[in-house]
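Some structures are shown below for you to check.
The same subunit A turns up in both complexes below, where it pairs with subunit B and then with subunit C.
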Partner chain A sequence: MLRMIGMRLLGMILVLLAVSALVFALGALIPGDLTSVIVGQEGATEEQFAEVRRKLGLDKPLFLQYFYWLLNVLQGDFGTSPITGRTVTADLLQQIPVSLELALLTLVVSTLIGLPAGVVAAVHANKRLDVLIRMSLLFTFSVPIFVIGILLLLVGSRWAPDLFRVSYTRWVDDPVMHIRSMAMPLLTIAFPITAMTMQMTRSSVLEVLHNPYIVTARAVGVREKRIQYLHALRNALPPIVTFIGFQLGILLGGLIVIEQIFSLPGLGRGMLEAINTRDYPMVTATTLVFAAAFVFINALVDMLYPLLDPRQRGR
Partner chain B sequence: MTDRPVLRVENLTTRFETDHGAVTAVDSVSFEVAPGETLGLVGESGSGKSVTAMSVLGLVPKPGRIVDGTIELNGTSLLKLSPEELRRRRGTECGMVFQNPMTALNPSFSVGWQMREAITAHGASGDVDARIHRALADVGMPDPDRQAASFPHQMSGGMRQRVVIAMGMINDPQLLIADEPTTALDVTIQAQVLNLMKRLTRDHGTALLLITHNMGVVANMCDRVAVMYAGEIVEEAPVDELFANSRHPYTRGLLRSIPNPDRPREKTPTLPGAPPNMAQLPAGCRFRPRCVFADARCGARPDLLTVGARHKARCWKTQAGEPLTETDRMTETLDAG
Partner chain C sequence: MTASSGPAPTGLRLPLPLAKLLGHGGGAFGLAIMVFFVILAVFGRLLSPYDPNANDYMSLLAPPSATHWFGTDELGRDTLSRVIDGSRIAVAVAFLSVSIAMAVGVVIGVVAGFFGGLVDAVLNRSQDVLFAFPTLLLAIILVAVLGPGLFNASLAIAIVYSPRFARMARASTLSIKTSEYLDAARLAGVSTPVILVRHVLPNALPPVIVLAALSMSTAQLAYASLSFLGLGVSPPQADWGSMLSKGRDFITIAPWLVIWPTVALVLLMLAFNVLGDAIRDVLDPSHTSTGKSPDTIR
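Up next is the complex of A and B:
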């Protein structure tokens, strides 16, 4: 078990190293560089360019640049944004909690609704209740989240402006306002994720319900609800958990859209702004954080497997 | 009380509504199991014996449905009960042992946890751990406490079947239904498991409904036998009577096809033909297409009637008192087989 975790951690570090190299190389490959942002496009002399370049270390070979950048990153220093003048790390520390909160809330809400809905759908497979649940969730799943988001924003701000016309407020400043500012983004992104969780739960539970051990449980008189939500769901979990981990990746992408629509100062919005303003240090930093989150989630799911399935535990 | 059968099944008819039409897997089946008695239910695969067993506890898989008949367990008519009332009788009045121990236990939970479920599902309190310990020791598991903590995948097939039997018996039911309990096991383990069931049912005074296709198992285990063919019981008799004096051509065929160590394997007679398609049953006697004795009478459907002491058969010929001794024709098929 410990050995497995060690191997996973090593693998994670290697993957992150590769990702960091890739992210850095992408930044270097894009035409133009930081100097043009700092010095400006026109009116600067060659000498000024060279001067700035030398100061930033951009005249050195690429692998050396990467090495220095990596050393700094490992110390938590992603550089300073030429646009805002603030350190990238300071910005990240502001943005990550916002995105993390939204992602975790979405995960909790979608799982709390999606799992039971999936079990109900599986138990009533192809009957009216199942079709109803699946139709309604399929609808929300088919509509892109930016459409759902804008619709909710439009309808919500007309019917209950006090509830929805809120700008982002931090929890420490005003908890009530904070909840109100997070409600709409959460609602928007939770719809499709819930639909996917429910669909996955349905098919996984449906498969498990055909197993002879379910009949055994019935034959000894276990209550039907207990069979569905404990005996069956427990066995259906491994593929569902894998899928939820995979969904989190989709969720990260969704954050970029959601934070843009609802003006949340999160990581996704920060990334988009950085791309628009060619804020190179910020772009590489946000990309790296997203990649790290993805790698971490996958490793976590892998390590959950032995917990979920006794057959994968060591003897 | 003593005279009342533990299980009385009358005119049980279970039907599957499929896309290819309705299939009556169990057709007007009637039998009784007396307290402490072992009744063998014998037949080929598809004869309806398993569906009969599943019907008793209301566990027929969809799209199957009991469409007619009566099932009385300890004098209570099960088909009139609510699902909750039926659930409370499962495991307490009637236990069940399944064919494949490799899939009959939940892989995600420990053996002890699953046995605890079987007890607490019926609201039992008290020392549950002690009961689990005793039940596992009773089925001959060494070190019951350690076994209770293990998961099914850590056990052999024989061990798992012992667990399934222990689970079926844990609430001390009056009836145990065992559906091909040894078919999936190694031959060396089969005898052990059968002897275990024999000892347990005798010690606890439990009646046993044993479903099998193996005539050897029947001879070893049963007091009485009911032979099923194409959804019907075709013959029913005490086990000695059936082996000595079977009164249905199908039973004859089954008994003749038991492999005999004194005879080369390829000389073992087989029943020619195959069981009928259950969606398109032949008119009249269902065994007629495979029967060497068939004649004009067999165009009409025979009933299951008494042909001797405690002996019933569904055959026009034996009901008319004629012997099944056309040895020349039997020998013919024997050679062909």
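Up next is the complex of A and C:
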């Protein structure tokens, strides 16, 4: 068990290293160059360019640049933004909590609604309720997240114009306004994610429901609700949890779009802004944080698997 | 997506059994809508009532009327004409990105599967790195590197999706490699390049084509997201994603600006989705090789 976790951790670190190299390479490939952003386009002499380049270490070979960058990143130093003049880390510390809150709330909401709804759909498979649930699924699968966001905005602006039109407010400043400013974004992104959890739970529970131990439980008189939620759901969980890795990809991509629609000052918005202003340190930093979170949680899910499914232990 | 266990090649010959597809209810429906959009894309300029970029300053943000069926935007441009013009981009990106992804993925997958060993390991690991990124994130960063525009956005989406095609092609190649007809070809002295092109490639294709069909909708969606985020074609070119992003500012006073691009977008996606499922039903009746990957860009 410990050995397996160790192997997974090692694998994760290797992937993270490769990811960081790719992010750095892509950052270096973005057209334009940091020195001209800092020095300014006009009136700068060659010497000034060379000076700045030396200061930033850009005169060294790319491999060495990567090495130094990685060393700094590991110490939490992503450099200083030439656009804002602030350290990238300071901005990240402002942005990450916003995105993290939205992501965690989404997972909580989608699990609380998606799991029971999936069980209900499985138990009533192919009856009217199930068909209704699956039709709504088909809709959410055919619609991009930003379309859901815009439809909600459309409906919201018609029937409750002032309830949700709130610019982002921090919890510490005003909890009520904070909840109001997060409600629409949360609703938007929770929609497709919940649909996916529901879909996955339905098919997973459906598979389990035909197992002999369910029949046995029923035969010895275990209550039906107990069978559904304790016996069936418990055994259906592993594939559902594994699926979280897939969901996460959509969730993280969705965050970028949602933050843009609702003007939330999170990591995704920071990244897009950085791309538009050619703020290279910020682009690489935000990309790396997103990718690292993705890799890390996927690895975590992998390690969680044996805890949920005893048959996987000791392998 | 099942990566490791490719099916035995079905041996279906191309071209596609079109008749079967038309007999499939969903297939006919999806095909009809897709053909409709392709016609709009090709002949759009002839069909649209106005120049999509012409300004009519006498009717800014005009609601739908007899003169402007879908209304006009904040610059007095005809929404119907712009929705029609936007279909050009949507259709082009879907076909272009999936074709590139398929071409690149199949070559990599067949080579990796056929030669195995170090080649396989290197190609596999490098794809794993691409899989380590959320899809939209990778597409965004690639567009930032390549620069905006129709082709670059398609290329970015293609790079994001190519590993899936590579995995699929690799899995089929692995099962073809051990087949008796390949042994026979080898014994008959057929050279490796000829074996690859004449025997491996055609037999590895059917599941890949199914994946391509299923990827059309996600590719279109990915592009719409990029365009919505301002990373698509440059203005003033009409484009559904950017129309939605712009129309959001006028959502309370001119809802038609978001409604019609949404309708077009969802309709085309639905068509691609239904058509993809139909092609899967026709080409791969057992449904074993290609599950629709849930990790779509949104």
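In this section, the second predicted complex is superposed on the first by the 308 of 315 C-alpha atoms of A that agree within 3 Å, B and C clash if a C-alpha of one lies under 4 Å from a C-alpha of the other, contacts with A are read in each partner's own complex, and residues count from 1 in each chain.
Here is the rule we go by: contacts are C-beta pairs under 8 Å (C-beta built on N, C-alpha and C of every residue); 3 or more make two chains touch, one makes a residue touch a chain.
What you see is a predicted model; the values in this text were computed from it and never measured.
K.L.:
Between subunit B and subunit C, which one contacts more residues of subunit A in the superposed model?
P.N.:
When the residues of subunit A touched by each partner are counted, C comes out ahead.
K.L.:
Examine A:V109 and indicate which partner it touches, taking first as subunit B and second as subunit C; both and neither are also allowed.
P.N.:
Neither partner.
K.L.:
Touching A:F243 in the superposition: subunit B (first), subunit C (second), both, neither?
P.N.:
second
K.L.:
Answer with first, second, both or neither: which of subunit B and subunit C does A:M196 touch in the superposed model?
P.N.:
It touches subunit C, and subunit B stays clear.
K.L.:
Going by the contact rule set out at the top, does A:V295 touch subunit B (first), subunit C (second), both, or neither?
P.N.:
In the superposition, A:V295 touches subunit C alone.
K.L.:
Who does A:L70 touch here: subunit B (first), subunit C (second), both, or neither?
P.N.:
In the superposed model, A:L70 contacts neither subunit B nor subunit C.
K.L.:
Just subunit B (first), just subunit C (second), both, or neither: which does A:P212 touch?
P.N.:
A:P212: touches subunit B, not subunit C.
K.L.:
Could you look at A:M177 and tell me whether it touches subunit B, subunit C, both or neither (first, second, both, neither)?
P.N.:
Touch partners of A:M177: none, neither subunit B nor subunit C.
K.L.:
Would you tell me the residues on subunit A in contact with subunit B in one complex that are also in contact with subunit C in the other?
P.N.:
Correct list for subunit A: none, the interfaces share no residue.
K.L.:
In the complex, go through subunit A and note every residue touching subunit C.
P.N.:
The contact residues of subunit A facing subunit C are 15, 18-19, 22-23, 26, 29-31, 141-147, 150-151, 153-154, 157-158, 161, 192, 196, 243, 246-250, 252-254, 256-257, 260-261, 271-272, 275-276, 283, 287, 290-291, 294-295, 298.
K.L.:
Please give the residue numbers of subunit B that touch subunit A in the complex, ascending.
P.N.:
The contact residues of subunit B facing subunit A are 57, 59, 61, 83, 87-92, 95-96, 98, 100, 103-110, 114, 117-118, 121-122, 151, 153-154, 164, 167-168, 170-171.
K.L.:
Of all residues in subunit C, which touch subunit A in the complex?
P.N.:
125, 128-129, 132-137, 140-142, 144-145, 147, 217, 221, 224-225, 228-231, 241, 244-245, 247-248, 251-252, 255, 258-259, 262, 265-266, 269-270, 273, 293-298
K.L.:
Hey, which residues of subunit A end up touching subunit B in the complex?
P.N.:
Residue positions touching the partner: 211-213, 215-224, 226, 231, 234-235, 308-311, 315.
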